[in-house]
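A short write-up of the structure that comes next.
We call the chains A, B, C and D, going by the order they appear; numbering starts again at 1 in every chain.
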Amino acid sequence: MTLFRRVLIANRGEIAVRLIRGCHELGIEAVAIYSEADATAPHVLCADDAVCVGPPPSAESYLNIERTIDAARQTKAEAIHPGYGFLAENAAFARAVSDAGLTFIGPRAEAIAAMGDKVAARKLVVKAGVPVVPAVEDVADASQLPRVAADIGYPLLIKAAAGGGGKGMRIVRSEADLAPAFAAAAREAQSAFGDGRLFVERYLERPRHIEVQVLGDQHGNLVHFGERECSIQRRHQKIIEETPSPALTPALREQMTAAAVAAARSVNYSNAGTVEFLLDQDGRFYFLEMNTRLQVEHPVTEWVNGIDLVHAQLRVAAGERLWLQQDDIRPRGHSIECRIYAEDAAQTFLPSPGTILHLREPGGPGVRVDSGIRAGYTVPIFYDPMLAKVSVWGETRDAAWRRMIAALREYVVLGCTTSIPFLLDVLDHPAFASGDTHTHFIEEHFPSWRGREQHRVIAAIAAAIDTTRPQRAATAGATAAPASPWATLGHWRVGAGG
Amino acid sequence: MTLFRRVLIANRGEIAVRLIRGCHELGIEAVAIYSEADATAPHVLCADDAVCVGPPPSAESYLNIERTIDAARQTKAEAIHPGYGFLAENAAFARAVSDAGLTFIGPRAEAIAAMGDKVAARKLVVKAGVPVVPAVEDVADASQLPRVAADIGYPLLIKAAAGGGGKGMRIVRSEADLAPAFAAAAREAQSAFGDGRLFVERYLERPRHIEVQVLGDQHGNLVHFGERECSIQRRHQKIIEETPSPALTPALREQMTAAAVAAARSVNYSNAGTVEFLLDQDGRFYFLEMNTRLQVEHPVTEWVNGIDLVHAQLRVAAGERLWLQQDDIRPRGHSIECRIYAEDAAQTFLPSPGTILHLREPGGPGVRVDSGIRAGYTVPIFYDPMLAKVSVWGETRDAAWRRMIAALREYVVLGCTTSIPFLLDVLDHPAFASGDTHTHFIEEHFPSWRGREQHRVIAAIAAAIDTTRPQRAATAGATAAPASPWATLGHWRVGAGG
Amino acid sequence: MRISLRHKQHHIAVDVHPEGGSYRIGIGETEHVVEAHYIDETTMMLVVDGRRHHVAIARKGKERLVAIDGEIYQFAPESGSAGHVATFAPPEIIAPMPGKVLQVLVKAGDHVAAGDGLLILEAMKMENRLVAEAAGTVTEVRVTEGAMVDGGQVLVVMKYDE
Amino acid sequence: MRISLRHKQHHIAVDVHPEGGSYRIGIGETEHVVEAHYIDETTMMLVVDGRRHHVAIARKGKERLVAIDGEIYQFAPESGSAGHVATFAPPEIIAPMPGKVLQVLVKAGDHVAAGDGLLILEAMKMENRLVAEAAGTVTEVRVTEGAMVDGGQVLVVMKYDE
């Protein structure tokens, strides 16, 4: 099977870097696109070629279908990989790519469209025998709300019919909050997806978010790679994911993966996709949505199943038949991922972009970092504030958990506030350690986190000593300079005893 | 099972960093030792405590048994991990550790002693039914040589009875070279191991180096983790290792792993160890030696088997029973490791220490870097010039091979000459790509390598442009400075087309 | 030498006394014996009362950013005698980044509890709710709905309850 | 502006002509159109005749160390007109690192072939064989067996055959 000679990566940040690496490993040249804010972003530097597609705002660059396809044409790319976010779940884009004679690395446009409309998707999977949450679909205006709410019962969840990723979502616990939440959700949905339609459903108390990775070829073969649990969320966005889920019995896993495969088959799904479910406290599960693209958290599936999902995407997109039967897929051990955001968890997770003054990434056995930054890089204010992802593998959940804690303690990012200290506190929480996780975990256990400051005195001592030190330069750069007069190295000795 | 509270790491460099990480992941504090040349070495920085054990030469520091044990006592460490090299295969050290009431993380001293004397080890394994190469043992002086040589037949291999790692080894192809080779080998053996005794054996033409990883507990249970092929060597030291070996059929693997287990059982082996074999071109294998310690190349076994060998060492040393049966161990995919040395392959692999001016390590899926350096670090001249190891995993040998090439092309080490360009040329060689490897691979295919310089013109352009640029400072440091007047960023565009 | 630092709401006065190759460091009533070794410009090894700490440090003007064991601190120098460690919330609510004011939730004179929303700022594609760090009275609202604001711009001024 | 560089035995003369935001670069008979972008002090993005190259660069005095795609180059500046690219072996055999001279294999006046051993230096725990890069005559041996030498010290001087 001949793969592509050159592929355009229609994305930025860590996922673009990861996709470019995946191409290079298969002997494929990778073309980056970039906005004017990203001319020297890490993904541009590792690509074989790069094309500017417009000004910084994503609506004018990374969401510009025409310029993206033009870039592929100019650079003679034969296929386009959309990554996640941006144009990844845009059926019109997938169609435009095909119409331009290029290969879209993802499912057919019809499958994207079918699953992209949450209302239509729900109907489809119900027909395929997949359970769904009680809900009322397509609430067009606020006047219908009180009746809808009464039908379903509080608490309610309002979400965008067109979207994903937490944008346009609101939880409503009482009628008083209904109207303002609806207005805000509609505004966000309109601005994020150009479609203000909303969807109201019963809100499950303390459910787990469980999703199943599927992979199909263009010849009707489809396998799954087990589940991921992504219950740890803030602002309705995942921040810690793992596989296997501590909550799944073999019997439940069997049922949920079968439901996922049924949902995918209902739209003749090909390429990589994810079927998301909520699992309630009584072990009942409900279809949430299907993400018709590679997922941020795909590394945990790769670790445990010994699969490279990006290679797989490229191969099935090129027409290759699946080389794996379901029985060949044997998960091993446990994997956890943490997303590193430039945000301040002590300030309602406000984004905190800035210039990376100093960076030291963790490494060693069982630790993978997918990074979209480098030392000296200024995180642009125009895009999602995720800087990198750390994923680990361990023989058991306990081993993976300990390894993640060790890795995050090694990780140094100075220049912007990151979620690392918060993630460490979440990991340290006894409820996380024992696998007692659910989507309200953060609200419940960290309603007003103020910071992890176990070493405040040591840090103050370091800052004070450094303040008394004669400065070499006024610049804020990280400099690996030769020994200074203050470096009293050589024969020194510490430790208990003499 | 309670593990140790605190462990002393009697080593330096990448392996000390890896062992400290392994301790931290199990909730164990790690104490480093260091020579005066290593006060700020990476392994010292990541330890919880550190003790200076002497001046730079290893004989006065890392090989000093008394000071090492004193350091453990002072810091209240309960166990000592020796890593590889230095005191790792020193039975007297293992005994002294036990006598001090501490746990030696490795096999019993008797097993080290039995396998440490190559002559005695050979007799032992022969009794256990393991095949060995025709040889004459313990050649005390040069006068016996011509007779010995005639008995075995040329080519011959002379090696130290006490040692390993290529030190004190010589190949002799004709009688004329016999006496000088013997003298040089005896000198190296004496200086490296304090024991000048030599061992002469038939030298196999184009054999493969195949070794088997074993792991035993203190209760008589012993498993193996399959083989590693380490045929790519220079100066008789491995530089590229992989598992599985492209040469092994399931039947041959069965035989070799059974022989390895028999060899290990012959000394009641506990903890991690490696049984080395040569495999000739006719598929016959011969016991070479048993390394009674963790091996440099252990990561490839970890990748493929889903095991953390350092965790396993700590657990069995603490008395835990093996938690794995042989049937539980199921290798998956393929792994390759490359050792990154500070050496000049174009100059007979001369060591090339220096100060690391710029460092960028590869990362992403399936790539692991075990590093003993950092930017700004000066590689000391006193120790082995290995800087780091890169290991990769792929679903197939081809996938792992491509990933390794991509990783090495990403790897930037400036400040000393490294083996990276040479490794890339070795990987690129069709004989490596097809798995046609043997221990004379480098001599045969790269008798006079002069450098990999496909980009010499581009590099010269970069150097010339940088030379014309006004310098900010005279120091040789790597500086992440803000944009300079020469950085013409912003809206720029390259690529074919417009 | 007294170094007065602020990290978030914490005021910390550190008395630094160099002594031979090491330091006596006073913080509050406690005195520490400290050895400080610069590994390079951004890495310090501190030995504080016999315990080793591996600290990363970066400089942003007069500020010191410190990372230790996964934690992050940002210290700004303070002048004057700040010998006490007290809870302190800055009275000016500042835009953490450039964005658009979607909604203003308070007006001058309003009394708010800690955690009450003050305004909603759209930035990085998200609606961000800026809240009061402590209970107090809104003395001034400097922006209107729909306004584009710069990072660092003062949005609301508070007077916290005593 | 002509920049004359040496990398190992290669002499390379590079004519650098800034032109607007980019360069015309002449090497030998070939002319290249080059855009150079500094990402930071150690990273350059070069676009040479339309192809992008990601280059890492470090400075060691007047030397330039360049890494590109896993390859490493070390360029030293040369004065004078070195417009030719010729094979050149330095006549002075230099200790690559500190060590001990174990054995001297040649004496002044000896003629050696390319690859012949000159002496054996023990360093980094290994016996290192220093060899002649080209055929020639040994004109001087500056060390004796057993001597400790510094890195950079001249050990043997050669006169290569024409």
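As a convention for this text, contacts are C-beta pairs under 8 Å (C-beta built on N, C-alpha and C of every residue); 3 or more make two chains touch, one makes a residue touch a chain.
Computed from a prediction, not measured in an experiment: that's the story for all the values here.
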item: Where subunit C and subunit D overlap in contact partners, by chain label; value: A, B
item: Which of B-C and B-D has more C-beta pairs touching across its chains; value: B-D
item: Inter-chain centre distance, subunit B versus subunit C - centres from mean C-alpha coordinates, in Å; value: 47
item: Where subunit A and subunit B are represented by their mean Cα positions, the distance between them in whole Å; value: 37
item: Whole-Å gap separating subunit A and subunit C, where each centre is the average of the chain's CA atoms; value: 30
item: Subunit A residues counted as touching two or more neighbouring chains; value: 40, 46, 49-50, 357, 375-376, 410, 476, 478-481, 489, 492, 494-496
item: Subunit C, residues touching no fewer than two other chains; value: 37, 39-40, 52
item: Residue numbers on subunit A that touch subunit D, as the complex places them; value: 40, 45-50, 375-376
item: Subunit C-facing residues of subunit A, complex; value: 167, 184, 187-188, 191-192, 235, 344, 346-348, 350-353, 357-358, 360, 381-385, 408-415, 417-418, 420-421, 424, 448, 451-468, 471-472, 474, 476, 478-481, 483-484, 486-489, 492, 494-496
item: Interfacial residue positions of subunit B with respect to subunit A in the complex; value: 17-18, 21-22, 24-27, 31, 36, 39-40, 46, 49-52, 71, 73-76, 299, 302, 306-308, 310-311, 330, 332-333, 357, 361, 363-371, 375-376, 393-395, 399, 402-403, 406, 410, 475-482, 489-498
item: Touching residues on subunit D, where the partner in the complex is subunit B; value: 1, 3, 5, 7-8, 10, 12, 14, 16, 18, 21, 23, 25, 27, 32, 34-42, 44, 46-48, 50, 52-53, 55-62, 64-75, 77, 96-98, 102, 115, 123-131, 151
item: For the subunit D and subunit A complex, residues of the former touching the latter; value: 37, 39-40, 43, 45, 52, 54
